[in-house]
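Read through the structures below before going on.
Next come two complexes built around chain A: one with chain B, the other with chain C.
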Partner chain A sequence: MRPYISAFRMSLSEQVTYRFGFFFARLRGLFVLVTLFFVWSAVSMKTGFFAGYSREELMTYVFGAHILRSLVFGSQSRRIASEIHDGTFSLFLVRPVNHFLFYYARELSERLLLGFFAVLEVGIIVVFFDSTFLFPSHLSVFFFVFLSVFLSHMLYYCMSYGMSMLAFWSREAMGPRFLFEWILEFLSGAFFPVSIVATNVALVFLFFALPFIYLVFMPLTIYLERVPGNQLFLSFVWQGMWIAIVAGLLRALWRRGLRAYTGEGI
Partner chain B sequence: MKYVRVWVQLVHCAFSSYASNRIDAGSYFLGKLIRFGFFWLFFISLFHYTDSFAGYTKWETLLFFVTFNLVDVLGQALFRGIYLFRNDIRKGNFDCILVKPLNSLFYILSRLTDILDILFLAPLGVALWYVVIHLPPLPAASFFLYALFLFVGLVIVLGIHILSAALTIWSMESEGMIWFYRDATAIGRFPPEIFSKPIQFVFTFCLPIIVMVAFPVKMMLGALPLFWAMMGCIIALVFLIGALVSWRVSVRRYSSASS
Partner chain C sequence: MKTYWNIYTVFVQNGVSYLAQYRKDAWWNVAVNVLWVGMLFLIVEVIFSQTATIVGWKKEEVYLLTILWTIVSEAFVMIFGGNTQQIPHMITDGDLDIFLTKPANTLFLVSTRFFLFRAFYRLLADFGILAWIVWRFDVGVSLPHAVLAFFLVVCGIIVHFSMTLLANTLSFWFLRIDNVNDTLVSLHTLGRYPIDVFPKTLKILLLTALPMAFSGYIPVAVLTGRWPWYAVGYAVCFTAAFFCLAVRFWSFALKRYSSASS
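And then the complex of A and B:
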């Protein structure tokens, strides 16, 4: 466990070393949050409702999505691609550490730090704009939300790690990653509840047949108590199934990738 | 003429770079299209549930969105070089730029032309045409004023990129400034009326994103009073002069510490 705890600590101190950059990064996130806050305020202003959501539910969704984006979407595994390209990845092959877990430790520290700041930012915005953040009526909902967030965090990490592995075969891994990240941001519901956009059969299929809605939309729908009891269980089964599928693919990619890896650039 | 020849050469170099990384280039282009398509879908979906957004119709709202993309893409296409500047300062390469027989600011901003963004202007042009044909008939002067205020918007974009370069000399961490601007421009996707008055004030006078995006749209729709049209031009000019002064002060402070 010691190497992973060290990786966790190192990543944490790295995050706070460049304070100016960190401050700007948080400010950027805040802009997106404030923009979405005003968009949903504007559309729900007249009646207090929009697309089947009350104004309070929409605001809670926007604030919750801001926190989840910080807790789920990570950037640490992006480094893997550049390490494969410049050959420093070879160092991991001779170290007594599991590469997947080592990077997970780095990712986890970044996520927890940013998640903490996201909660603070949401608190400030709620107070500053005199808005509402709903809380579930049953304590048990927190447990289900926690479970769903944990699973979505794992699912994202597996997908992101897999995207970086493309670097084993191509020096051009950043373009596909850019494409992946934009698809993911939209289809996960990070900007808006996907049920608002899924207005016809093709769109329903696009959103609900893919794993992305389990990253943001599903945990927040559970938080808002909009998932009936029987479907709640089913959503966890689907989340677990997607993790299993992506993890299986990762394993295959890792084996084949190591065979293709040449250590170029050392 | 010398600057045109240099710019054409730089575009050639950028094109060769993109042509040799076809998977990356194709994915980035597809990513830009998908991002645009999803936001378009989002706006269309909003109007499934309402018939106006901050007092604007569906096509007027989409005009804000397309104009935002136009200004953003033009800025990215022309001034992409700013993203490489931090490295120049860090490694001391800025010294080599300063001794070139060229305006250093011109070279810093235009050394990298985003070919993909130039290509992306084609689908954007189609989208703009599609939105405009759905608007009530507009006089020819509206299109002229729209183009004029797009130019004013580009002056502000140039000012922001110069300011970012100046800040990069002051603090090597300030690469965040340009990303901060990129995220802040997101407010330009929407009609400014949805934001509170203090936010509108900040984004009109301090970081004039509303002047960049909303003013051209309002000029086209005939919804911008003459006073505010003139004010927009003054803001753009003052912003550009302020950015140029900051740049000069920064270059004088540059100590070439890393070289």
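And then the complex of A and C:
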């Protein structure tokens, strides 16, 4: 366990070493939040409703999405692709550590730090612009939200780790990765509740069958208490199933990838 | 002037040679770009599926705004994108020394040496999409308005360059500010929306200190007649002043450069 705790600590200090850079990174997130806040405020201003969401629910969704983007969408596993390309990945093969868990420790520290700052930023925006942030009516909802967020965090990490492993076979892993991140963020509901576009049965089925909505949309829908009890259980089953599928694929990719790895640059 | 033209021709030729080595990558990039623009349009569709206007802006106007903003971004990436973002690395690694010893303007060399030719293909695709929007929504645009809008698009590119140069020049004082470029990308997205959705203070900021409105809003506002023609005067004067400020700040910072490795 000790190497992973060290990796967690190292990643944490790495994040805060270059404070000016960290400040700019947070500023970037803040710009996205402010933009979405005003755009969705403008569209719901006339009637107080938008696509079945009250103005307060919509604003809470925007704020919640900002926090979840920080807690779920990580960037640490991006390094894996460049390490495979320049050969530094070989160092991990001779160390007595599990590569997946080592990077997970790094990712977790980054997510927790950024998640903390995201909560602060939301607090500032809510106070500064005198907006509303709804809280659930039952305390038990927090437990379900926590569980759902944890599962989405795991699911994203597995998917992201798998994308980086493409570097075993291609030097152009960043292009597909960029596309993957962009599509994923879009379909996960990070910009708006995806139920707005799921206007017919086929689209609803497509959205609910694919793993994307379980990253942002589902935890926030649970938070807003818009998921009935029986569907709540089903959503957890679906999230767990996707984690199992992606983890299985990861195992296969890892084995094949190691065979294809040439240790270029050693 | 002829010397600089010759240098720039070599830079463009290098860009073509680079592209020739990664042809598949270029086509992949065009496909990703079209998909990306498609997703931006999908957001517009989502919003307008529930309402007829946003702060007085109609759907076709927001489409125009989105595509003109994309064109400004793409043109900036093609000419300056791969260069200005490298300034922090060049300063921390000491690579800037090489350019200081060349018998040409350092800023010119630093900001134009990589011509990203694949962005040119993406730009062509974006112009195709613009033509489709004009045809699809039957946007009635007079020739003088179209010429003015094109001129303002050029101003938008210069303002975008100046903003990026100002931010990256900070790396003469602060080490490791790589995130500043990601922040600028996010800030730049503010220009993709009608700035009337923002409160007055932010709106003023977007037209002055953080001039993101130049990337899409101002050309479309002139094109659709929301801004009178004489407002173009403000845009031109601001662009010239902002560009001069960025260049002077660069010169001021360059005098304090002490080299890092060589």
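The definition used in the following text is that the second predicted complex is superposed on the first by the 259 of 266 C-alpha atoms of A that agree within 3 Å, B and C clash if a C-alpha of one lies under 4 Å from a C-alpha of the other, contacts with A are read in each partner's own complex, and residues count from 1 in each chain.
We take it that a contact is a pair of C-beta atoms (placed from the backbone, for glycine too) under 8 Å apart; a residue touches a chain by one contact, two chains touch by 3 or more.
Just so it is clear, the structure is predicted and the values come from calculations on it, not from any experiment.
K.L.:
Quick check on the chain A-based superposition: chain B and chain C, clash or fit?
P.N.:
The answer is clash.
K.L.:
Check whether A:S170 is in contact with chain B, with chain C, with both or with neither, and answer first, second, both or neither.
P.N.:
first
K.L.:
Name the contact category of A:F191: first (chain B only), second (chain C only), both, or neither.
P.N.:
Touch status of A:F191: both partners.
K.L.:
Which holds for A:F50: it touches chain B only (first), chain C only (second), both, or neither?
P.N.:
Both: A:F50 reaches chain B and chain C.
K.L.:
Contacts for A:F233 in the overlay, against chain B (first) and chain C (second): which applies, first, second, both or neither?
P.N.:
neither
K.L.:
Counting residues of chain A in contact, which comes out ahead: chain B or chain C?
P.N.:
On the superposition, B touches more of the residues of chain A.
K.L.:
With both complexes superposed on chain A, which partner does A:Y18 reach: first (chain B), second (chain C), both or neither?
P.N.:
In the superposition, A:Y18 touches chain B and chain C alike.
K.L.:
Look at A:F143 in the shared chain and tell me whether it touches chain B only, chain C only, both, or neither; answer first, second, both or neither.
P.N.:
Neither partner.
K.L.:
Looking at A:W182 after the superposition, I want to know if it touches chain B, chain C, both of them or none. Which is it: first, second, both, neither?
P.N.:
It touches chain B and chain C both.
K.L.:
Find the residues of chain A that appear in the contact set with chain B and again in the contact set with chain C.
P.N.:
Residues common to the chain A contacts of chain C and of chain B are 18, 20-21, 24-25, 27-29, 31-32, 34-35, 38-39, 41-43, 46, 50-51, 172, 175, 178-179, 182-183, 186, 191-192, 196-197, listed in rising order.
K.L.:
Residues of chain C touching chain A in their complex?
P.N.:
25, 28-29, 32, 35-36, 39, 42-43, 46-47, 49-51, 54-55, 174-180, 182-183, 185-187, 189-190, 193, 197-199, 202
K.L.:
Provide the residue numbers of chain B that touch chain A in the complex, in ascending order.
P.N.:
Listed in rising order, the residues are 21-28, 30-31, 34-35, 38, 41-42, 45-46, 48-50, 53-54, 171, 173-177, 179-180, 182-184, 186-187, 189-190, 193-196, 199.
K.L.:
Which of the residues in chain A come into contact with chain B in the complex?
P.N.:
18, 20-21, 23-25, 27-29, 31-32, 34-35, 38-39, 41-43, 46, 50-51, 170-172, 174-179, 181-183, 186, 191-192, 196-197, 199, 203
K.L.:
If you look only at chain A, which of its residues touch chain C in the complex?
P.N.:
18, 20-22, 24-25, 27-29, 31-32, 34-35, 38-39, 41-43, 46, 50-51, 172, 175, 178-179, 182-183, 186, 191-192, 196-197
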